[in-house]
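What follows is a pair of complexes built around chain A, which joins chain B in one and chain C in the other.
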Partner chain A sequence: MKELFPVKQVGGYLFSLVLTIVALIVYFMDFSFPVAMTILLVTAFVQAAVQLVLFMHAGETEDGTAIYTNVLYGIIIAMVTIIGSLLIFVWDM
Partner chain B sequence: MEFFERFAVPNPNPAIYASMVAIVVVSLAIIIGLTYFKKWGYLWREWLTTVDHKKIGMMYLISALLMLFRGGVDALMLRAQLSMPDNKLLDPQHYNEVFSTHGIVMIIFMAMPFIFAFMNLIVPLQIGARDVAFPRLNAISFWLFAAGAMLFNISFVIGGSPDAGWTSYFPLAGTEFSESVGTNYYMIAIQISGIGSLMTGINMITTILKMRAPGMTLMKMPMFTWASFMACVIIIFAFPVLTIALLMGTTDRLFATNFFTTTNGGMDMLWANFFWVWGHPEVYILILPAFGIYSEVISTFSGRNLYGYKSMVGSMVIISLLSFLVWTHHFFTMGQGALTNSIFSISTMAIAVPTGVKIFNWLLTMWKGKIRFTVPMLYSVGFIPLFTIGGVTGVMLAMSAADYQYHNTMFLVAHFHNTIIPGVVFAMLAGLTYYWPKMFGFMLNERIGKWGFWFLSIGFVLAFFPMYITGLNGQARRMYTYSEATGFGPLNFVAFIGAGLMAIAFCLIVYNIFYSIKHSPRNVGDDPWNARSLEWATHNPVPEYNFARTPHVASSEAFWDAKKHGHELFKGEIEEIHMPNYSGVPFIMGVIFFICGFSFVFSLWIPAIVSLIGIFACMVLRSFEKDDGRLISVEEIKATESKFESAEEIKTAVSTYGGANS
Partner chain C sequence: MKIDHTQPLEYSTQQNQLNIFGFWIFLGAEIMLFATLFTAYFIMENRTGNGPTGPEIFEIGPVLFETFILLTSSFTIGLAVHAMRIGRKKAMLAFLGVTLLLGVAFLSAEINEFVHYYHVGATYQTSGFTAALLTTLGTHGGHVTLGFFWGVCILIQVMKDGINARTANKSFIFSLYWHFLDVVWIFIFSFIYLKGLM
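Take a look at the complex of A and B:
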């Protein structure tokens, strides 16, 4: 019975509920803008990671390495593009 | 009549009317010819519906040569206009249109299909696969490219060409300053073919990751496959940026949104930013497969294995990452601070390091090799010094403080032609000559090919090196004329002569194809170049199933192992081969995309909506279609194979071009 019960998925489901609640708190509490944004961004990305790893089954097949490399590469390029654009137009113009 | 007025060309001149007549005549000639020789069925069955990677590759190749002609004629017009001070050959508007279309045609519709041609033709053969991972998607990619290319090329006779430069910077490209539909063509034609490119990228990555022959680990792939793989990685990360930027530009022009406007919260500089976030990786998408071809050619004709395989792979991986870190060097003068410019200066210069590693690897591959100076090798050997000059001037441009001097001058124009022509065009011509027997079973004439090479190289040097000097002296790019007092006249005339020599070279290359079709011997065998990698382990021209038996590989030079070290490539009996079915849907989708794009260009909403529904209908149809492919029986394979073997026996002396090496 134990091996049939999807511990990881149920755990992941509960964890994503927790993340949702934490994000929701921002609406009800009176945080400053930076704090609120930090909470939202962190919970959003953790949420996305949970979805990818647990519910979209990244890494469960033999292509796991390719998928994670791809995601990592994508994140690096997205970060570089965003930070670079902010640098050009906001922080250093 | 009012409805049709929108299709009129806003700035007509006799050349455009002549082109209209020429287009009508050529189209009629093609239709009459096909009907007269009863070739419609053949065309449909064998080409328009094909999903065979080799045929798709050939169609890319033909398109690329046609577009090279079109872009080349544009280039000749530009050089002719600038050949003398105060020349009146082209008026300013016409000059703007010609340089804009020259850039787009050469990058998007010449260089891209050229590299896709070789990816399609060679990658599945090099990894021992029967086709690409998604054959029908591959056909759709091609027909989307074709639809985009056609749409772009009719712009100058229907509605007017884009005239805001190949970079199409806003606000100039906005509706306020570009009133004609030209820039709509730009946005939508590139969008359509860009979607095709993105799908090819996904297709090739899947093919390379999933369909390699037994024994071929990633580090045992031939270098061209590695190069294509890295190029496709760049494609799938860079093209989405272009897709979105073009979409924003399209909505700005068609639906009056304010992404790139100067008012209402829009930001015109954001276009330049997005364009180069895609645009800089784009040049590495072009150059990496070119590097791959040089690697194959140089190691084959030096009779040595490629020096520094791992560092070659490593440097391409580093280039693919760095290519995303340098885009700001295209607009150092836009107004951002010294900190930003310094960061991007350094990252740009850093790219010279992995590129330099590759250059030294090629030199060391030739070191102590027994070099055969065939046409592909001549192009590769010519590439090394010429491309290095382009690289060095690139590092000069990368210095942001000095760039304020070079910016927007002919120096820049000379630099990027200096990298793209010896880098990409030479590679494509080397690949064309090298893989010609693979595609068609006979060789291109070496003597005419060598004439072509020398005309092209000397023409190139004469055409572009003077621009370095006039650029440093202050000749701005994209200016339709200059006064005699500037003193740019003589050097520009030299450049015009160079352009003429390059045009002769192009004619020689085309003449060589016709000459060789008529006169070349057909019994060249399966290994005319004494080559090394797996694509040469099958017959010339390649049968539709590529390999009768799946090859087993133990190194990156499987064919050389088989020839020299007794490696057994093909084990076991011939078995039935499973192949994909041909389909007319990709072609039909291409046609619908063309109609859709055309309707969007002219804001004809009803046909636009109808054709969009048609596109989705094609996709829905595909989802419900049951298609298990077809099987080629063992008897049929044996019959095909024995035909090649008997041809092998008839062939008398095995003559390897340039003398065999042991």
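Take a look at the complex of A and C:
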């Protein structure tokens, strides 16, 4: 039974639960907008990294570098799309 | 077909390695797809017209239920892949089965949520905010629905053929998809619900 629950996976799961609960603090506490957003950004991206590295085995084979490059490319395009659009439509710059 | 025994079974042939790498490229495109949906949502977030606003219609209870269910299902599919790698077919099928059941639980919670939105007057046509919200949530939910049927097909194939280079490869790729859906949900949870409720 024990060999079915490797430490890496169980640890990753518990860590994800902790991060979710930390993110939940912004709901219960009255933080200012920048502080709350910083907490959410950190917990979300760390949790995404846990999934990618621990659960999805992204760097496991010789394709690892290409996989990370590809994901990073996706994230860069995502950020440029989101922040660029916010600049024009919401922040009025 | 040349089988490389130094690699886990799902990577063991060149075709298998290419399938996995190709799927990562697809996930890269999915990141961009959801980025455009988040873009639309962030722009429309405060354009609520005469309809309800986010804090008025979001309910933290069901959202937390969905979050923990999906997180747990991401954990169990990880365990399924681990069981597959050590050749434990029954354990793998059990974990895959649990994952799919959690997927159904998530979907029923999300359908309830949509019914709730309908009852409080937040439909697709209500405002820019509700349109962007329901499109983003719906696209994610649609992915989970597709993933559920895909997972059932994988389950049947592993049941019939056992764990071999082909089924291991398919199962691994399915696990990538399922983990990815949890990653997307983390961002929905943080930047749609929590940001709306804080």
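By definition in this document, the second predicted complex is superposed on the first by the 82 of 93 C-alpha atoms of A that agree within 3 Å, B and C clash if a C-alpha of one lies under 4 Å from a C-alpha of the other, contacts with A are read in each partner's own complex, and residues count from 1 in each chain.
To be clear about the criterion, contacts are C-beta pairs under 8 Å (C-beta built on N, C-alpha and C of every residue); 3 or more make two chains touch, one makes a residue touch a chain.
Only a predicted model underlies this, so the values are computations on that prediction, with no experimental measurement involved.
Colleague: Report for A:93: first if it touches chain B alone, second if chain C alone, otherwise both or neither.
Modeller: first
Colleague: I'd like to know which partner A:20 touches here: chain B for first, chain C for second, both or neither.
Modeller: The second partner, chain C, only.
Colleague: For A:7 in the superposed arrangement: first (chain B), second (chain C), both or neither?
Modeller: Touch status of A:7: no partner.
Colleague: Going by the touch definition up top, name the partner, chain B or chain C, that contacts more of chain A.
Modeller: Ranking chain B and chain C by residues of chain A touched puts C first.
Colleague: Which parts of chain A are touched by chain B and by chain C alike?
Modeller: Chain A residues touching both partners: 63, 66, 73-74, 77, 81, 85, 89.
Colleague: For chain A, which residues count as touching chain C in their complex?
Modeller: It comes out as residues 3-6, 9, 12-13, 16-17, 20, 23-24, 26-27, 31, 36-37, 40-41, 43-44, 47-48, 51-52, 54-58, 61, 63, 66-67, 70-71, 73-75, 77-79, 81-82, 85-86, 89-90.
Colleague: Please give the residue numbers of chain C that touch chain A in the complex, ascending.
Modeller: So the residues of chain C in touch with chain A come to 7, 11, 17, 20-21, 24-25, 27-32, 34-36, 38-39, 42-43, 60, 64, 67-68, 71-72, 74-75, 77-79, 81-83, 86, 88, 91, 175-176, 179-180, 182-183, 186-187, 189-191, 194-195, 197-198.
Colleague: Which of the residues in chain A come into contact with chain B in the complex?
Modeller: Touching chain B: residues 63, 66, 73-74, 76-77, 80-81, 84-85, 87-89, 92-93 of chain A.
Colleague: Can you check the complex and tell me which residues of chain B touch chain A?
Modeller: That would be residues 209, 233, 237, 241, 267, 269-270, 273, 277, 321, 324-325, 327-328, 334-337, 339-340, 343 of chain B.
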